[in-house]
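Both of the next two complexes hold chain A, though its partner changes from chain B to chain C.
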Partner chain A sequence: MIEKRSKLPYLFLAPVVLILLLFSYLPMPYSLYLSFNKLNPASGRYEFVGLANWRQMLMDSKFWESARNTFAYVIIFTVIMVVLGLLVALILNSKIPGTSFYLTVLFVPWVISEVIVGATWKWLLNPDFGVLNYLFGGLGIKCSDLITNPKFALVGVAIVAFWRGLAYTVILVLAGLQNVSNDYLEAASLDGCSKLQAFFRVTLPIFSPTLLVVTLLNMINAISQSGIILVLTKGGPVRATETMALYLYKEAFLNYQLSSAATMSIILAFVNMIVVAVYLAANKRNQEKEAE
Partner chain B sequence: MKRKRIAALLLACGMLTGSLAGCGGGDSKDETLAESGAAGGGSGEVLTLMHYFDPNNPEDPYSVGFMALIDQFEKDTGIQIKLETVPWNEIESKLVMTNQSGNPTCDLSWVSSQKLSSLVNAGTLLPLDDYYAKLDTSGFIQQALDAATYAGDDKKYLVEMSVHSRGLWYNTDLVPEPPKTWDELVEIGQKVNDPANGVYAFAAYTPKSYDTAELYLAPFTWSAGGKLGNEDGTAAWDNEGARKALQFASDLKNKYGLMGDSCFVSDQSELRHNFLNGNVAMLLENTAQLAEINQSELGQAGKIKFAPIPGETGAAPCFTNGWSAAIPSHSKHPDLAWKFIEYMVQPEVQIAHSKFDGGLPILSECYEDEYFRSAQYPDIADNLAKNAGTMDPFVYYQEALESFSTVNMSYMMDPSQDLEAMLQSSAKEFNTKYYGS
Partner chain C sequence: MAALSLNQRARVKKKAGGVACQVFMICLTMFMLFPVFWAFLTSIKPNELIYQYPPVFFSDQFTLDNFSYALRAQNLLRAGFNTFFLSTVTAAVSGVIATLAAYAFSRFRFRGKNLLFGLVVAPMLIPGITNLIPLYSVYTKIGLNDTYLGLILLYIPGTLSFATIVMRSYFDGLPYAIEEAALIDGCSRFSVVGRVVLPVVAPGILAIFIVNFVTIWNDFMITLIFTSSNEMRTLTLTIYNMIGTATVKQGPLSATAFMTLLPALLIFLVCRKKFIGTMLDGAIKG
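After this line comes the complex of A and B, so read on.
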């Protein structure tokens, strides 16, 4: 008997696919078009200018500065998130009492909007009237440096973004850790391995594909991060936290230079695509390994 | 099974409708007080006006005041106004995006005059010189005419509806007499500065933003005999006056400790609240905040006064701007739009508008009205008459001022740097990027 394929799944997918088409995929060719054209203010029409926009972008020191900031932010954020996320997940995986409660508490920042998170932390870190300087000032720690000092501002933004997004990483890591069979750990223990040795020699190798996927997902999030940065520092101090996403937003919506913004968006999309391609390949390898 | 399919189909349609609910329409409000109360008869033409106030909010004095003006216009001309409400900080973006599609959603829009260059560079605004030729502008204050003129082609692209300037607001409990010069600012500031007890002598919005330059960096530079830009729009801030201005700004914070770090990160509203709470003795701020300032506890007690920005040797020139009426370049009804503008620049309408707007009228004869001789208006009007200036003629206005403000912020954060070299490097970078020179 031949089974008739149900059309129901396609119906449920239709709204999402339509929105993705309208707001993500169809505008992409238009962005590419804009990157090779420039608005003539007198005529109000876009005119073909070849590679002029690309040349201007490559010669723009602010673009390179934003590219460096993006790279640095991705590294800082990903390292903090993966290392501390793994640590928290390991603690929660050790069957301590109240795990569900801790997980719930961890998720509270995740459900708060980025704008509110940025605005709240901005007040907490205010250099003159913020509560953190008041609490730690006596210990000689100036917490406000995290948003006022160009040397530390990227770290400050990464910490706030980490605070908000920790739960997401912990859940993913926890799921991966729970796939590591206890039999291996028991066998390692019988062979005389300490807990630390067991982690590095047994858990980590089995768990590494999941860790790679988590790392890549965090990198993808970091590349496009703009909401928290916009509210917390607006790209300051002195452009120290102005990432490509933020520079692009400014060019498009504050300076109304759509051609310049479109050119940058192509670069940003290309970088994202590379990371996503690596993520998909790693995920596929992970699934094949699990199937074995 | 059939019921399940119907239920699934309805659910999918519901999801689709729900997810598209945020699209289209936007903040347009078709049902406005104006439409519901509009008089019948007349031309029957409809003018769409994009503005930032909510016409359905009777608690907002601006809304009530503006709707009364609209009602009168409709009665006088028979032209109906359809309001499109957009948040004030999104109005220019929406105008640019919709106009570039060739189909703007309005015939006339309120825009900030500071954004003139950016809007013209984006091909958004209709030149108004032909309309201005029919208007008697002899009674306009010069700042309003200058603010309407684009440096790139000397054409006028908007009509200012009210004028806001900048100055020094001071708390008379802490500062009985305002400073007039930089030296006096330091002297008075040092007497009241008490950061340990949460009181800073001075505050001014200082991020790397174009409004920082408008607020005090440009005035300080002009007062020291310097300039920011050349007549052709190129950067010229690598001069001694600009260097002195930025050095003094840095000294206020680093040498004398009169400014807190919050000036770098706080919004203007946050700094204003610090001032109104008594944590700041003197604040450089826009006069547009007059109503809020006077509604505060200190304001109601008459303890907040206004003075010109202190300059190197006397009052500094101040920058002025204001919300303005502009016609999109693809507007379908430019002539109708101009009729509303002509109505709004009549003396009695200007006076009525200024009363709920908080700014000053653009017609000099309006200043004779009793209202503008009350509260801090005489001081503000006096400052406007004696010290108001216009920004140097930048074509890439926001970009230029932001570059200059970035040098200031960078130097304030690390005064060990070579300020002169920073100014030269910044000016050269700007000129290379935008002028290839």
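After this line comes the complex of A and C, so read on.
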């Protein structure tokens, strides 16, 4: 680490900063601008309309429905993901035979495009020809309900998103578990702790900050999930899986209502920012703990 | 069981736990792999077998017709070229830019370093779709829709944050002493980077190239929104369009899907260790 006064680092950073400013940071204020304007079809120009877009959004029952769906989806997805991701990571962390094989297997869906994931599962869950109906029919389970019944559809898309994203969560948890030194566990076992006790009394307290970070990261992913839902259900049946991310995609690119979509996107970004703020606080506490 | 000593009992318990873990992991493996296997099986079935219930698992009528039909009916070669071109250019450009930035973060002390690093990492936490709406509006105005340049410019920022984080941790893991020695010997900063640093970090650059290549290979939301002509269509978009038709042809669809996922899957399997290690790096530091 030298050359404190050098301008070189700024030169090296210029391209990254420039691209991110243009493509990641400036769009947000531009969204805000769009939310106060509306395209006049006659003139083809944007005209200032004050709070009209905002009022329209708040009166739109579909918007509130999509907000409820997003909320439910985030909870369902995150619970499935964190519980099972934790379980799988703990098993793999105990170095059972085949660990590296299993880890590779988990990554297979991760390297498959969301559009293929959606198409594949749609076929697996097809009500007429789906192989899952056939395989689980004997148990009295109709798997195709997972995408055709409004009651279960959010669970269905959450399961498919879980299928694709499990590897990511397992990797995050494994990284966190590496912080739990074996010395603590050995000390606990010498003191007569059972394995289960050791997990709840030693591993979990040291590990809980990581768990919080993993939970929040999964929530952030769930908030913006749109690809898999779009392919699998298109928001249906009867808008049961139309989350905010999907609703604003449809508004913007199928109905070409960019202003009203931009207005919703600000709400979505705001909700996301709240989770991010909690995440950053948790992450900071995490790092301070590690530094101690 | 009563006759067993305490030690033996503990061992039996441990074994039972191990077996339970293996059973669970084997079930999970089937859950993870069965959909891919089924997609493959569908792709080699003739039409009559695909639309049959109960579903057919084995048959002597397996055929490659779906593959040849998919290749003939779609402009798959063009789509394949587009996907490959966009993935390669994005991963390469993004890798170079991110490596420069990571080098600055790792090797220099300068004002606003933490703020700038935060600025680079933060976009990973912004929901992608919210930025695409204003960008679409701008793209329409300046005519970047449906162009390679426009797509690449959208892909690069999406891969930069991750690449910079991983490369920074890579640089941080390398001792500074060698570079320092070269600098003292009178090498310029640029020749130090070119002759001393780059050869050492080449594996790291390759690693982020691979991960980013696969990421762009798999994208479909951005091409879906920002392309309109047949010439610009990518593989994933071709698949999306096949689902959208009134009568979905499941055989050719599965064949196209399988041809699209195979390159990404092979790259992953060949570079398994590197891939997972890079993901782990990004996960810890991010």
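Note that the second predicted complex is superposed on the first by the 273 of 292 C-alpha atoms of A that agree within 3 Å, B and C clash if a C-alpha of one lies under 4 Å from a C-alpha of the other, contacts with A are read in each partner's own complex, and residues count from 1 in each chain.
Quick note on the criterion: a residue touches a chain if its C-beta (ideal position, glycine included) is under 8 Å from a C-beta of that chain, and two chains touch if they have at least 3 such contacts.
Everything quoted here is computed from the prediction, not taken from an experiment.
Colleague: Going by the contact rule set out at the top, does A:Gly140 touch chain B (first), chain C (second), both, or neither?
Modeller: Neither: A:Gly140 stays clear of chain B and chain C.
Colleague: Could you say whether A:Arg239 touches chain B, chain C, both of them, or neither, answering first, second, both or neither?
Modeller: The answer is first: A:Arg239 touches chain B but not chain C.
Colleague: Of the two partners chain B and chain C, which one touches more residues belonging to chain A?
Modeller: Higher number of touched chain A residues: C.
Colleague: When the two structures are overlaid on chain A, which partner does A:Tyr168 contact: first (chain B), second (chain C), both, or neither?
Modeller: It touches chain C, and chain B stays clear.
Colleague: Between chain B (first) and chain C (second), which, if any, makes contact with A:Pro127: first, second, both or neither?
Modeller: It touches chain B, and chain C stays clear.
Colleague: Taking the superposition as given, does A:Ile91 touch the first partner, chain B, the second, chain C, both, or neither?
Modeller: A:Ile91 sits against chain C, while chain B stays out of touch.
Colleague: Quick check on the superposed pair: does A:Gly192 touch chain B, chain C, both, or neither? Answer first, second, both or neither.
Modeller: Touch status of A:Gly192: no partner.
Colleague: Report for A:Ser61: first if it touches chain B alone, second if chain C alone, otherwise both or neither.
Modeller: In the superposition, A:Ser61 touches chain B alone.
Colleague: Looking at A:Leu258 after the superposition, I want to know if it touches chain B, chain C, both of them or none. Which is it: first, second, both, neither?
Modeller: both
Colleague: Residues of chain A that sit at the chain B interface in one complex and at the chain C interface in the other, please.
Modeller: 8, 12, 15-16, 19, 122, 128-129, 253, 258
Colleague: Could you please specify the touching residues of chain B with respect to chain A in the complex?
Modeller: 5, 8-9, 11-12, 15-16, 19-20, 92-93, 96, 99-100, 102, 118-124, 195, 198, 200, 207-209, 260-262, 264-266, 274, 279, 329-330, 398-399, 406, 409-410, 413, 429, 432-433
Colleague: What residues of chain A sit close enough to touch chain B in their complex?
Modeller: 8, 11-12, 14-16, 18-19, 39-44, 56, 59-61, 122, 125-129, 144, 147-150, 233-239, 253-258
Colleague: Going by the contact rule set out above, which residues of chain A touch chain C in the complex?
Modeller: Answer in residue numbers: 1-4, 6, 8-10, 12-13, 15-17, 19-20, 23-25, 27-28, 30-31, 34, 87-88, 91, 94, 96-98, 102-109, 111-116, 118-124, 128-131, 134, 163, 166-168, 171-172, 174-175, 195, 220, 223-224, 226-227, 230-231, 245, 248-249, 252-253, 258, 261-262, 265-266, 268-269, 272, 276, 279.
Colleague: Of all residues in chain C, which touch chain A in the complex?
Modeller: Touching chain A from chain C are residues 17-18, 21-22, 24-25, 28-29, 31-33, 35-36, 38-39, 42, 50-55, 97-98, 100-101, 103-105, 107-110, 113, 116, 119-120, 122-123, 125-138, 153-154, 156-157, 160-161, 164, 176, 180, 183, 189, 214, 217-221, 224-225, 236-237, 239-240, 242-243, 250, 253-254, 257, 260-261, 264-265, 267-269, 272, 275-276, 279-280, 283-284.
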